[in-house]
Amino acid sequence: MTVDSLDSSGRIDSDDLSIAYIGGGSRQWAPALIRDLALADISGDVRLYDVNVESAERNARFGNWVQRQEEAVAEWHYEATDAIDEALDGADVVILSTQFDPAETFVHDLDIPKEYGIYGAVAATIGPGGIFRAMRTIPLYREFAAAVREHCPDAWVFNYTNPVTFVTRALYDEYPGINALGLCHEVLGTRDRLARYAREELGMDASREDVSVNVKGINHFTWVDEVQCDGVDLWPLLADLADREEARRTFTAEDLDGESVFTDNWQVTWELYRTFGILPAAGDRHLVEYATSFLRGGKETLNRWGVKRTGSDYRAKHWTPAESEQTTDVEAWMNGEREFTLESSNETFMDILAALTGDGPFVTNVNLPNEGQVDDLQRDAVVETNAVVREDDVQPVAAGGFPRPVRSMIRGHIDTQETVIEASRTGDLDHAFRGFRIDQQVRTLPPEASRELFAELVLAEEQYLDGWNLDESRILRESEAYPTE
Amino acid sequence: MTVDSLDSSGRIDSDDLSIAYIGGGSRQWAPALIRDLALADISGDVRLYDVNVESAERNARFGNWVQRQEEAVAEWHYEATDAIDEALDGADVVILSTQFDPAETFVHDLDIPKEYGIYGAVAATIGPGGIFRAMRTIPLYREFAAAVREHCPDAWVFNYTNPVTFVTRALYDEYPGINALGLCHEVLGTRDRLARYAREELGMDASREDVSVNVKGINHFTWVDEVQCDGVDLWPLLADLADREEARRTFTAEDLDGESVFTDNWQVTWELYRTFGILPAAGDRHLVEYATSFLRGGKETLNRWGVKRTGSDYRAKHWTPAESEQTTDVEAWMNGEREFTLESSNETFMDILAALTGDGPFVTNVNLPNEGQVDDLQRDAVVETNAVVREDDVQPVAAGGFPRPVRSMIRGHIDTQETVIEASRTGDLDHAFRGFRIDQQVRTLPPEASRELFAELVLAEEQYLDGWNLDESRILRESEAYPTE
Amino acid sequence: MTVDSLDSSGRIDSDDLSIAYIGGGSRQWAPALIRDLALADISGDVRLYDVNVESAERNARFGNWVQRQEEAVAEWHYEATDAIDEALDGADVVILSTQFDPAETFVHDLDIPKEYGIYGAVAATIGPGGIFRAMRTIPLYREFAAAVREHCPDAWVFNYTNPVTFVTRALYDEYPGINALGLCHEVLGTRDRLARYAREELGMDASREDVSVNVKGINHFTWVDEVQCDGVDLWPLLADLADREEARRTFTAEDLDGESVFTDNWQVTWELYRTFGILPAAGDRHLVEYATSFLRGGKETLNRWGVKRTGSDYRAKHWTPAESEQTTDVEAWMNGEREFTLESSNETFMDILAALTGDGPFVTNVNLPNEGQVDDLQRDAVVETNAVVREDDVQPVAAGGFPRPVRSMIRGHIDTQETVIEASRTGDLDHAFRGFRIDQQVRTLPPEASRELFAELVLAEEQYLDGWNLDESRILRESEAYPTE
Amino acid sequence: MTVDSLDSSGRIDSDDLSIAYIGGGSRQWAPALIRDLALADISGDVRLYDVNVESAERNARFGNWVQRQEEAVAEWHYEATDAIDEALDGADVVILSTQFDPAETFVHDLDIPKEYGIYGAVAATIGPGGIFRAMRTIPLYREFAAAVREHCPDAWVFNYTNPVTFVTRALYDEYPGINALGLCHEVLGTRDRLARYAREELGMDASREDVSVNVKGINHFTWVDEVQCDGVDLWPLLADLADREEARRTFTAEDLDGESVFTDNWQVTWELYRTFGILPAAGDRHLVEYATSFLRGGKETLNRWGVKRTGSDYRAKHWTPAESEQTTDVEAWMNGEREFTLESSNETFMDILAALTGDGPFVTNVNLPNEGQVDDLQRDAVVETNAVVREDDVQPVAAGGFPRPVRSMIRGHIDTQETVIEASRTGDLDHAFRGFRIDQQVRTLPPEASRELFAELVLAEEQYLDGWNLDESRILRESEAYPTE
């Protein structure tokens, strides 16, 4: 390489940024992003790819429509493509956000384990349902990682697809040089809540941005051991709050009637804080999937702690592209049925993007392979901590370690995750079963039941398990649930 | 130190060995030891101490009586003492084997968790019962360790008291320079079984002594990944055996009717071997307490895998000193009611003792703090591997590590053990609860139930929990089961 | 703690900041700081303590004089004190910058080893001189740490005193909860240099602030493996530069005649880069003390690589308070002999201070105990990496590890540092000698010479080695250099 | 695998053992082995392979001749072969003991560094000479390892070839499943010496077999921290001995005149013991190559510590096959010129062999990849500790760790060794140079001199460096010593 070939303009040009958007066709998030981009200090082009071509096209149409609104300050051009390679080619930024048809997948993740007495609250990221979601998704994301290596090896890849830990881990396992970040909103919600306490208890004029935390763990099972709001140490406040009646409420099914499944009553959070002396930093509905004793006793226990199960019917309903509200919105906006205002959505994604293009530093939580940021968890496992985002650069912050009992729970989940990742390298189903077998939710089943549950899930989702070698599986062969000749 | 003060006769003199025997008054083991010593190539004196003075005295009487039998080749003098310091003073060897009155302790360990649905098979070394047994025993053994440091700092301390891991760990935690070995028969049983296979399947003339294994793990949850019998690699044989009908039996309660609880059907062993590809090396009744899915489904599951629960009535009955068979034997022998023959019992203890006094090297499994012998388990935790015993010297053998899923299970138990040990340093009951709370058996309970179970056990065994600070416990204060004003 | 007692105004108040300035009486840095503070967006009081009371008083006088200048925007009050406790009491920020009389210490650090053939370039932070500087300084800084714990336990402590690694380590070893940062300019100089390359080679309009590096190592032996300037990856440029004539210059003593010892010719930097493929990030004169082959061959080798030794005469001359230029300046300014202009000095200290009081985040290199930020160096050793400074919060950034050969050199120095720190806990001189003996510079001596050198240094600096137990040292007793009766 | 295919006779049959002897043609050791085998309780065949076919044939002839002597109790058949594959095919035991012509290799290892002021005492296992010996040998031993994998994958491979650490490491690096042991006599010599002290100081009737040590480190830089003789702790004796005049002798060149280079005066040993509190366990002439300050000051220093350099002339002379004494002996015995008596040589090899065939356990020091036996040295590096040898099984004993200063020295050497091994995977000469450059002997040279020395050695031994990529080496290209066009 000679100096002459060095480009002095930087790799990322905020006037000509190229974004590849993979999936996300029907999600609320695409329209929000499109509006955010229109208001940003960055311009460029967005190429949208989705297996559902129609929704990629609708989003492209919407994107270009938004650009024509007079409040749009940035210049973006949107284009849909039916070839993922075309979308990725030369991209600076890749957004990954896909999902299989829930009616054929997620519904089983929730319903089949329930028959075995595993009453998962969300079943999206760990437990039998979460593991099968991972098993379906990992092979596809290995392909994505390989395509990134080929078409845009230096791109910043934002993964929003669940289970975030498994999926981000698979991206790095396939292409270790990838610049991928696993992103999730849960910690932001915790900072929102802590800002509320600063307002209510200390009379501070505080919002999420004022609250900084030292966060660490794995996605959906993150913990916080330092909290500051505008220089005020909020940690001592927690002990006081945890002892109040508000932190010791007992809920019944009736209490939760009519409540959204997304309402977070923080009772699980407070109980874990009281027991272990460190504060969880994800919604209660996610925490219970990792701190599994809250799932024991089924609906009653879950409700008693203020958590409402996300039923499989909800999932199925809220996905179908044709009916989803946001789709309707987009069409309504474009055809004038509904008034459109161009407002920013306050998404962290835009802050990260701004920092990556030079407007940093910006500190936020991300999921990355562990290279020391969580000292007492395994290297290379994907962990969640704060990171500093600077121009074309993201580096995790050294967040320290854990008290032993909490570390023990986290390591157990990492062992499941890593075992499934190991198994996915060759599609060894029986090795994946080992990860399944030691999962904290599955462990509550007798040995044979865990095998039958596994086999039933394989049977129900077989068409989505392409990357796995079903034929040579001893587990399937010995099961009653799975028909073999 | 000058050369003149150096004694050229060695620290341990096999003609004048001094043994302190702490506890063990009513156990079968003392009379066996006495007979073994009489036949050994070692002589000396034995000082017996037991809280039950009477049984120490009876054993001393029996010891001296055996010495007068004409077949006795060694010269031993037995003496009972009611002062532990006297027993320990200047001892070369200390044997620890004590137990609290099961009717007031062990019975609760078994019965109270059962009410919560935890159907422990033995409840002696892990799970809620095992943890409480540890909590009762650790403070006493800290005192023993301190007494050893004062009265016989270089003595070889043989710990037979359960839970062996917790107790041996406590000895080292209190006096890091102690020469303590945790001993257990389970791995010997596995070697016996493997010798049987060598005989039956390969027509070899094999016994336990011919079988060598690479063993590693924690007591009662040890694993073997190499097996040789007289130079023949038995490992390939296991895959064949594991696939046979004999290794796939299903038991009912009726099948086990009349069976001893000690009968080992190896169905748990085979299932774990098939699942994880490595062979467990402890009796099935112990394994299920660590591989806890075998406890899920209660009696039915346990029986289905050929394991019979050791009921609390059994424990209570088989302990009461006055009625125990072995006591009767001793008296009967001495008063001539029963014919006495002086035979050796084939105990490993005698082999270790012989090797320590110069007749080595001898290789056998022992429990010791980890200093690298199991590479992927925590340092200082007490682990079980082979060790080489030589004159006044015991060194563990480097046994390597584990496949991840098995390691994950073991680490989880170590985390419970270490948390309880940490808590025992100050008697912090709420910290001990953290270890209890993450125990694999306890985790199957909803959060509140785990607290109530803990409180109930504290209440039932309160008089044996001297070393613990009950007054400042938040857990007790918040519980319903434990009365606080 | 109740909510009522929580102060909603934050621990650090930028309108009422309390700074304790320990030492630094005669240094150039105090007057610069005083001017920076006057221009800052922060106000408060500064208490100055120095063993040389006079210079603390002069600085206080100067500080208050500057405040009276009309360009001063902040409000600061300066006060000298002769009691360190008074200076520290309730401080938010503590600045440590002390030095013993070089004529009685540093001169020996340089001259005595030279007699043994160790031609240290600076002798300030490692090698026999650096180690003795550490041995003199550590006991005093243990006292400082204890005083901070007592008088201002949460204060942010900025340590500028060399050897930065040893001294910062001692602060944490004495008071593990201290918020101390070890600070040094060397990495900033490297970023300046890299900015120059960006300007000269790529025509960029770049300054130090535009250059971000991934820096890691120990102070004065830091390394960089990523370099970006305004989003442009400068790494490929290095290979090109390293091959040019400019990076392969050979210097003679004459070439360096008249040059300042601080001139950095980067020939050592380039040679290490070419050999190991990673870029050192400290001045060449410091690097050679750690990459010790550059010291072999004495003056000639050193000069050949463009490094000029800092002679002991220079040190002695440039310290004496009465004559130093900066003192003269201060007096001249105050009495009007010289024109005074209030300008900021562009010190990183002010950026850190601003970020700590809420104007962050700010990323810069600091020395902190390793908690994972350098994955393959020992935990707790003091390492240098980037850190993110936010309101009342500093967290190091996970910087990864090293190629083996470089790691090997760094670990060797850490072993010396940690051995000396261990020794300093009890003042065990012979254990300190072990650290001295394995030092890379000392290792080039025959065994006896290393002992004699050690003894000579002890003898020469005896009055400054209060914290060390000289009487019981076998090394001194066996030496010829040190007189014992 | 079915049971039927399992052989109940064991893999190693002591009545039909197959030994492959690679190299060793002219060495003293082969005739000794032949006599030992004749007296052993094992029979079988030995296939000899040497590049020098003649000497393999002579040894075979001698072997068969010995078998015909009437004192021979075992039955062995000897055969020479000129195809290594034939020698290895189906072997149970492989002995590796080769050497290149010293006149063309070893002579340079000693003489060229000496010109640069590196006065290596032996230059056989570390330092510039040792590293070049490693670089010559590693590629060949990679071939041997590959041949073992193909022709006798389960064979026990005894490596006697120096540098033992590098070579054993290369065997495992090439074929991780190999059963290779690196063997060396040095620790045995230390045990002999300690037995002498037991005799002389304590009046014990002791020999090497009575002395047990806890040994650990890397070959030729091993250390002992526990010593027992027949149950007597000898450790306290060392402090007394180290303080005596005998342990504080100063030698001159004259004192050593006429002495063998193999005479071990233990002055280096005592000095290291006094400094670091732990006892080295290799001959002084080897220790000085690792504790390199003893080499500083050249001949004078070396002699002062009682060590005599092994000159290159000695090496060259003592190797030439035709003239060597042992060859003469063999011929003289066979043709009756000299009386032959069949005596055993007391070689450890025979004890290991006996234990491997079932006559164990036997404990002795061996070199093996670290799997935890030395807890604070890197995994996979080849370390030396005790191991237990049992039938078809060798397991290292967990030996613990090191005091920091000693560990630091050892780790430095391991870093050189591992860097050269890494480099040897692709033949990357410049990466090998990095290992050379950080070697403790080489570090005493200025940077350019280390490069020139490396280049000179490459030039002198070029014909033996087949496995290395000389053409692409930057180091050679930049050197003056190595001619490039």
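Note that the chains take the letters A, B, C and D in the order they are written out, and that residue 1 is the start of every chain.
In the analysis below, contacts are C-beta pairs under 8 Å (C-beta built on N, C-alpha and C of every residue); 3 or more make two chains touch, one makes a residue touch a chain.
Source: prediction; values computed, not measured.
J.: Could you name all chains that are in contact with subunit B and with subunit C at the same time?
T.: Touching subunit B as well as subunit C, we find A, D.
J.: Go ahead and note the Å separation of the Cα centroids belonging to subunit A and subunit B.
T.: 46
J.: Just how far, in Å, is the C-alpha centre of subunit D from the one of subunit A?
T.: For subunit A versus subunit D, the centre distance works out to 56 Å.
J.: So what's the Cα centroid distance for subunit B and subunit D, whole Å?
T.: Comparing mean C-alpha positions, subunit D is 43 Å from subunit B.
J.: Which parts of subunit C, given as residue numbers and ranges, touch two or more other chains?
T.: Within subunit C, no residue contacts more than one other chain.
J.: Return all touching chain pairs.
T.: Every pair of chains in contact is listed here: A-B, A-C, B-D, C-D.
J.: In the complex, go through subunit B and note every residue touching subunit D.
T.: Spelled out, the residues of subunit B in touch with subunit D are 1-3, 6-12, 198, 201-204, 212, 214, 226, 228, 230-233, 236-237, 239-240, 357-358, 361-363, 371-375, 379, 386, 388, 390-393, 395-401.
J.: Could you please specify the touching residues of subunit A with respect to subunit B in the complex?
T.: Within the complex, subunit A contacts subunit B at residues 271, 274-276, 292-294, 296-297, 301, 305, 404-405, 407-409, 411-412, 415-416, 418-419, 422, 433-435, 437-438, 440, 443-447, 449-450, 474.
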